[in-house]
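Heads up, the thing below is written out as structure tokens.
Labels run A, B, C and D following the written order; every chain starts at residue 1.
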Amino acid sequence: MKIETAEHKGHKLVSVSGDIDMYSAHELREELMRLTSRKPQIVLVNLIEVPYMDSSGIATFVEILKVMKRYGGRLKLVHMNEGIMEIFRFSKLDSIFEIVGEMDDALKS
Amino acid sequence: MKIETAEHKGHKLVSVSGDIDMYSAHELREELMRLTSRKPQIVLVNLIEVPYMDSSGIATFVEILKVMKRYGGRLKLVHMNEGIMEIFRFSKLDSIFEIVGEMDDALKS
Amino acid sequence: MKDSTIITIPSHPKYLSVVRAVSVKMTELHGLSAAEAEDIKLAVDEACSNVIKHAYEGDTGKRIVVRFRFTKSKLEVVIEDSGKMHPEYIAGRNLDDVRPGGLGVHLIRRAFDVVAFDEKKKKGNRLILTRYTKNREKHED
Amino acid sequence: MKDSTIITIPSHPKYLSVVRAVSVKMTELHGLSAAEAEDIKLAVDEACSNVIKHAYEGDTGKRIVVRFRFTKSKLEVVIEDSGKMHPEYIAGRNLDDVRPGGLGVHLIRRAFDVVAFDEKKKKGNRLILTRYTKNREKHED
């Protein structure tokens, strides 16, 4: 897994590529914790190159979501593939997260 | 591995997809033996969807080449990827086979 | 046993990807659909992650043994460790209670019809996951 | 041994793809280049194919055990069978003599610096393939 952090229209954009599992979730968690410690209003996570995510990845996003909610920030998950989306639905997390289809829509609401 | 046999400008075209190893080479051998038993002048094998070939695959093509040479037929291997090409070179087989880059060139000589 | 495929890895999370690769190849070889293969891969990954977290409590120097066996009627995946024994698989959290963790067991039960520990195992754990091939609906509830 | 990864398959050619998948994942995890990974995958596949063909003489009901072990200085792949013993690895054909077969051994030696049978093995064979990590040129001739 690789993580790249950039700016997108004034917001933090984290692009992940590769499987997110117990091994890589650790590194992802560190990066997102570091980022959110500065309380950015919006964090975009681009999952277009993430073919697979297990419960460690999901747990990481739940944790970050909670951190951000505490200070009123918003976490947006962009380009989640259908297989992962199904796991989010099964876990009843699809309504808790802001899951956005396209980068262009991520900043619309 | 999947094998599809079709006609291409009046010649037999065998399109293979998937790895060619000891398991699948067996099936490929059967198909090429069946085909060459009717002594076609030219047989084209499209390898564009073959990412991997081991020595069982190579042995199969050597065998078919010998069968075809016996009656004056020509075997043309099209779209071989660079990794497999390297194995053919290493095995000193690149000069024995007619290895063609593009389908369009396969019937030019 | 002769017809089974076994992958043995160190109990380090980095080897989970190896187990997933084997899982995918095995289900592919036995003609399961891509969707089925994904569910099984995830479940096996979760079960191995649980071994690292709970049975080995994060110790990455132990071993995990994962055995795949296909018969006409079922797929059996057996996961063995030599870690801390535990009486029963905890149920996983209520899915309406949103918090990190507690999903793994649900994802395992989603892919397998029967999830059971072998009581006869002396040291460590042997988790037996069974998925029936036919009439899957009949076995699901 | 705790740091090695072991894949055990039935001696049927269809499981060669499982061994290849493990080989790719293992080399990837240890940071080898894609080209190196390809050479190693092919060599391991050839060695397993040879076990099926020569040690087991086509019997698909036996087992092959393949162990991957990475240390700082080398990659070691050990391939075990319980088949017909043979004194030494035959050299492979002269590459200028074009005929089917006889390439496998060359492809194994291409990826590994040392190719040796363990003399201590009682029943069956244990082929030890060693590839040095650094100064590969020094070990090649």
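Following the convention adopted for this analysis, a contact is a pair of C-beta atoms (placed from the backbone, for glycine too) under 8 Å apart; a residue touches a chain by one contact, two chains touch by 3 or more.
Just so it is clear, the model here is predicted, and its values are computed rather than measured.
Q: Touching both subunit B and subunit C, which chains are there?
A: D
Q: State the smallest step count from subunit A to subunit B, taking one step as a move to a touching chain.
A: Counted as steps through touching chains, the separation is 3.
Q: Taking mean CA positions as centres, which chain lies farthest from subunit C?
A: B
Q: For subunit B and subunit D, let me know how many angstrom lie between their CA-based centres, rounded off.
A: Computed value for the inter-centroid distance: 26 Å.
Q: Calculate how many whole Å lie between the centre of subunit A and the centre of subunit D, each centre taken as the average of the chain's C-alpha atoms.
A: The computed centroid separation for subunit A versus subunit D comes out at 41 Å.
Q: Which positions in subunit D touch two or more other chains at once?
A: 14, 17
Q: Write out all the pairs of touching chains, ordered by chain label.
A: Between chains, contact exists in these pairs: A-C, B-D, C-D.
Q: Show me the residue ranges of subunit C that touch subunit D in the complex, using the header's touch definition.
A: 2-10, 14-15, 17-18, 21-22, 24-26, 29, 61-63
Q: Going by the contact rule set out above, which residues of subunit C touch subunit A in the complex?
A: Contact set of subunit C toward subunit A: 12-14, 16-17, 20, 35, 38, 41-42, 45-46, 49, 52-53, 95-96, 98-101, 103-104, 106-107, 110.
Q: What residues of subunit B sit close enough to touch subunit D in their complex?
A: 19, 21-23, 26, 52, 54-56, 58-60, 62-63, 66, 83, 87, 90-93, 96
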